[in-house]
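In the two complexes below, chain A is the common chain; its partner is chain B in one and chain C in the other.
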Partner chain A sequence: MAKTKAKKKPEIERVAGRNEKREKLMGYLMAMPAIVLLFAFTVYPLFYMAYRSLYGGSVISRNPKFVGFDNYKALIESTDFHQVLMNTAVYTAITVGLTMVLAIVIAVWLNGKRNSKLNGIAQTFIFTPHIISMVSVSTLFLWLMDSQNGLLNVVLTALGFEPYSFLASPETALLSVSLVSVWKGLGYYVLLIMAALQNIPTSVYEAAEMDDTPPLRTFFKITLPMISPTILFTSVVAVIASFKVFDSVSIMTGGGPVNSTNTLVYYIYDFAYSYGKPGQACAAGMVLLLFVCVVTYVQFLVGKKRVHYQ
Partner chain B sequence: MKKLLALVLAAVMAFSMVACGGGSEAGADTEGPVTIDFWHSMGGATGELVQEIVDEFNASQDEVIVNCIYQGDYNAAGAKLQAALSGSGESAPHVAQIEITRVGFYAEEGLLVDLKPYDDADDTFDVADMYDGVMDFSWYDGKLVSLPNGRSCPVMYYNVDALKAAGFETAPATWDELRAASKAVTKDGAKGYGISLGDSWYYLAMMLTAGGQVYNEEGNGIGFAGEAGEKPLQLWLDMLADESAFIPEGEDYASNSALRNAFMAGQCNIIMQSSAQYRGLADNSDFEVGVAYIPKLANYAAIPGGSNVVAFEGKSEAEVEATWKFMKYLCSGDVAGKFAAGTGYLPTSDAALNSAVYQDKLAQYPYLDIAVGQLEYFVEMPFDPTYVEVKDNIVGRQVQECIINGVTPADAVATMETETAAMYK
Partner chain C sequence: MSSISLKNVKKAYGDDVVIENLNLEIKDGSFTVLVGPSGCGKSTTLRMITGLETITDGDILIDGKRVNDVAPGKRDISMVFQNYALYPTMTVKDNIEFGLINKKIPKEEREKRIREVCEIVGLTEYLDRMPANLSGGQRQRVALARAMVKEPKVFMMDEPLSNLDAKLRGAMRVELINMHKRMGTTFVYVTHDQVEAMSMADDIVLMDKGKIIQQSSPAELYHNPNCIYTAQFVGSPQTNIIDGHLPNEIKLGFRPEKVRMHEVENGINIPAKIATREMLGAEIIYSLETAYGTIMAKTDVDMPVDTELKFGVEYDNMYLFGADTYRIPFTAELKDIIAVVFGGNK
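Then we have the complex of A and B:
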């Protein structure tokens, strides 16, 4: 009698326990497709990339040879690769820097109460490029920026300026590609920052107004700190996106002229498929991974000190 | 909740079905026609011509059905082909066009079917009928790994009307005449000569006429160190300096199409492009388009280009049989003649050259067979997987360093020499 009593849990508890187990199982089941896809398309390729970077041969090689760290050595010795890293860094600095500054300024402007009708229209125009495919945007700008027949130069010369070389010269090509990315990406970041702005309690601004705080001071002491978590998030996303730039480079410049717009991911593609050296491409992929990790980590470190969560 | 679960499961199932559906389904034992896939790199009007030829083949017999699939330019198609051939290679096509300098890349891995037994057994077709000039990328290690299809070489195109107006009755045949003619037709906002800077093929074509070779005799370095390599760069620099030349934008094939657009729009009057572009240029320009050999400095020479067709290993015997039937159809006189007549690609045999359709078009387009004359000047090319990186990443790059970035011709060629040699160490 006593035995069974100790063994048997009260009826209610047992049912609850079973339900809990069932719910847990159900939860895992529901998450399963996502987890499987994550493993198949993110985790496995990541490890395969690390493994493949130690081998020679081409994509179609049946038995690639183990070469140790030769692929990494080739990267370190290659002046091309140094230029590619530099290009990627410059591209990221220009794109992220410009995008963030412009996005904050425009978001604050659009968030203002005045001219709400005009603001609505402006918002639509700024956001629209985001929904167009990068391939179309690149093709369009390829034509706009053509140094002989492009619309931009037609306008420039009509206004009495010297024609600008845009994509034709190694000095200007990287900047031109960056500007296209800024134009395309801006609307998305404006939207995110506007959402953050709308979450700032009006009471804070009312207090500032009562103290007669000048607008600039309000901006730097209230607005910026209040939206800093969003700024951190958007800048992390923007940096990673810039590191991975491919389609605009592939369509607008093909990495040229003279390697001036060759960026990390385009380099990886070229080596894997044009030159038949996927080992070296994977090694470059590992470098990309390392860079993204380091930069994101640094951003979060800075964020810890500077970002104010409410 | 249940609905959602069902939806997720359905999505996963649909996904896995798509993921597994890439395999070849044409069974060897099934009765009826065998279906094979053909990947090609011919866009635009040429692509339509390829489709027309395939349609005619499908209609001409009931044993083989060919799926004709356009896969982008040589670079894009090469990437897709490699992706399809990695792993089990089941999703690879049966037959594909490959840019000639990349045939060795696939042959080296043993992925290409040796067509010699099929050719030997076939009484209706003999590969020996093909011109020698277009068979340079066909024999690998004694195996017949590819057949010529879509073969070309660079030629010079010129605006006949503009040159006549400037007093040039014939095309420039030497570098000096090229410079003089370019200067003479540089006026009214149009330039004389458009330099193909994004594609090293045209630099190499000029280099050959200055007495160089693509590779040295040992096959482990460039064959144009010194003067032969420097002279074309100096010519281009001089022509840019006196403003009778311009550089179109873009890399690779994008720079070529930019150059052709400038030519058709009358913005430049002399360009060098693949012979394959002849019909496209002639049909879309409102002036007479002339074709001539690449002007010479020391001697005439021509660098081969274009694509060959190959068959891939790993298919059933019936499928390879079907593939052979299609490949020999592509190379047969009438079909090769039709393809050459519609584009400007080289007729690959006497049968193609003498075919009614080719001779017909020749009467209409008198410059169509100029490129054929260059066949006798064809030079030997490296049959070597490393060559793609050498021509793009070393030669092409240094040409740009010299023309755009101010590196001297001597330094640029010296860098080509050392970097290429390093690739073969």
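Then we have the complex of A and C:
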């Protein structure tokens, strides 16, 4: 008896092992299409960008010359690039700051009137811009903000003000582009925050009511902490999206006037395709990557202290 | 310490009237339990007293003062919720302290009260924990501490023990009774569990379909039910009702524990056969097949299944209910009729 048992056991284990291997292989096979795409369009370009940032030459050069960190040096020394970084930072600060504050306020407002008809209509209006393409939105605002025939200026003139060139003056161009992004993105963030708000049990609010909590204190001490994981997530997504802004800049201002709306991705595009300097564009791409990594890391670091996961 | 009275209170959601013309007096310092099946309006009544639910009509008075338009936080009431409703992003201490800060109580006083309360409920070593890291019983204690620390006039509890396991529930029951004794505050407690109601209350309000069926002490409720509903709600197995054998649709009721497994002198004796037998330890529950339907009996007499016997019920242990299911007096005339119909001694 003991002998047959001893003989049989490894046999069972072998079969089990074979099945396990087959299962593993099957798993990899299923994930393969996604993995291939990921490698082809994300991982490989990333490494190629790092590699190419060390070479000079133009887009059509057969054998670009190795230049070491010269591309990076050129970036650091370029005042244009400094301005581009500044523009990107300002654009991100305005867009993300305004979007988050407005999204939270609107979501709380909509959530409070959960049952009213107005709520559904308001929600639709706020969400609709999200499903329109950025190109259409940009084109629309290009006209709205036009210095002569734009609707905004028609209204201003009718009210007795001087017409204003929102997109043509360096002082307001970046702000104008930011506002368009806020308008377009707001609905999406409102929706995410509303979902988080609806997860807060009503009994917690009732407990706060029994504790005689003033409305503002309820908001800051109960509502805000309870949706903090969603706020962290949405702000990370919003920051990354802002760093990557391209289409609105390309259509509405082309980086101008006097470089005042030139942001990082537009700069990269310009260097690669307008000036034909892929090396320097790749170096700028590496800077963008670094920025995104650092900012996201910092956000999660802050989040660890401030975000309450339950 | 304070009394509560509800006068002609009505609650409707749109056209759906859930409570109509409710009148209720809750005595100062009492442990009053609102009990009834789910949907009977007991939780709604509690929430109307707290102010979390508005009332459609009528008046609510606390200590003789009309509070219809007073905000929940200003009624001097504390509440323990069924799911505890702790603030999940705050520590135990912050949870307990939150309401005190709202009331602008000075820090020293707050610290003192928190220390005292936590000692009573045994939370002292958990003050820095988050609610998510506590067991069900500990969360329950935080909810109690949060309610106690405000030193309210009235203490409200909405099925506070229903999320605990049976053993813990029993222990908490005793603790709540002690707490009420020590604090002397008015307690209003909602439950669907008749055992909980009977064991804790000094005043029980039995409700059904938005109406108060009977309000009395547990003993009174058990010994003197005013209708079939009450008689059957309290006690397990429920009161036997024999219907269709007496004139004027009069129904005869008696509790299973009042069934004697032998013939009695001053009562009726009915032939029966034991159909089932449930051994509970100290007691045995029998179901008896009779000409009047199945009768439940609870006794310590041990008999095998299929035994044929004549069981007895004394006249003193019988309730009579009229056609409207409400209690009617046990007159000498009715006694004679019962003796004739069921074959008893006069």
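Worth a mention:
Heads up, the rule we're going with is that the second predicted complex is superposed on the first by the 286 of 310 C-alpha atoms of A that agree within 3 Å, B and C clash if a C-alpha of one lies under 4 Å from a C-alpha of the other, contacts with A are read in each partner's own complex, and residues count from 1 in each chain.
Definition applied: a contact is a pair of C-beta atoms (placed from the backbone, for glycine too) under 8 Å apart; a residue touches a chain by one contact, two chains touch by 3 or more.
Only a predicted model underlies this, so the values are computations on that prediction, with no experimental measurement involved.
In the three-chain model built by superposing on chain A, chain B fits alongside chain C with no clash.
In the superposition on chain A, A:K221 contacts chain C only, with no contact to chain B.
By the touch criterion stated above, A:H308 is placed in contact with chain C alone, chain B being left untouched.
In the superposition on chain A, A:P201 makes contact with chain C only, not with chain B. More chain A residues lie in contact with B than with the other chain of the pair chain B and chain C. Residue contacts after overlaying the shared chain place A:S58 against chain B, while chain C stays out of touching range.
In the superposition on chain A, A:S147 makes contact with chain B only, not with chain C. Once the two complexes are overlaid on the shared chain, A:E209 sits against chain C while remaining clear of chain B. For the overlaid pair of complexes, the smallest distance between C-alpha atoms of chain B and those of chain C rounds to 38 Å. Overlap of the chain B and chain C contact sets on chain A: empty, with no shared residue. Those residues of chain A whose C-beta lies close enough to touch chain C in the complex are 201, 203-204, 206-214, 217, 221-222, 225-226, 228, 308, 310. Note for the complex: chain A touches chain B at residues 30, 33, 36, 58-62, 80, 146-149, 167-170, 253-259, 269-270, 273-277. Residues 5, 8, 11-12, 75, 78-79, 82-83, 85-86, 89, 105-106, 109, 111, 197-198, 246-252, 254, 258, 262, 265, 267, 385, 388-389, 392-393, 397, 400-401, 404-405 of chain B are the ones that touch chain A when the two sit in their complex. If you check the complex, the residues on chain C that touch chain A are 50, 52, 71-74, 77-79, 81-83, 85-90, 98-99, 102-103, 132, 146, 150.
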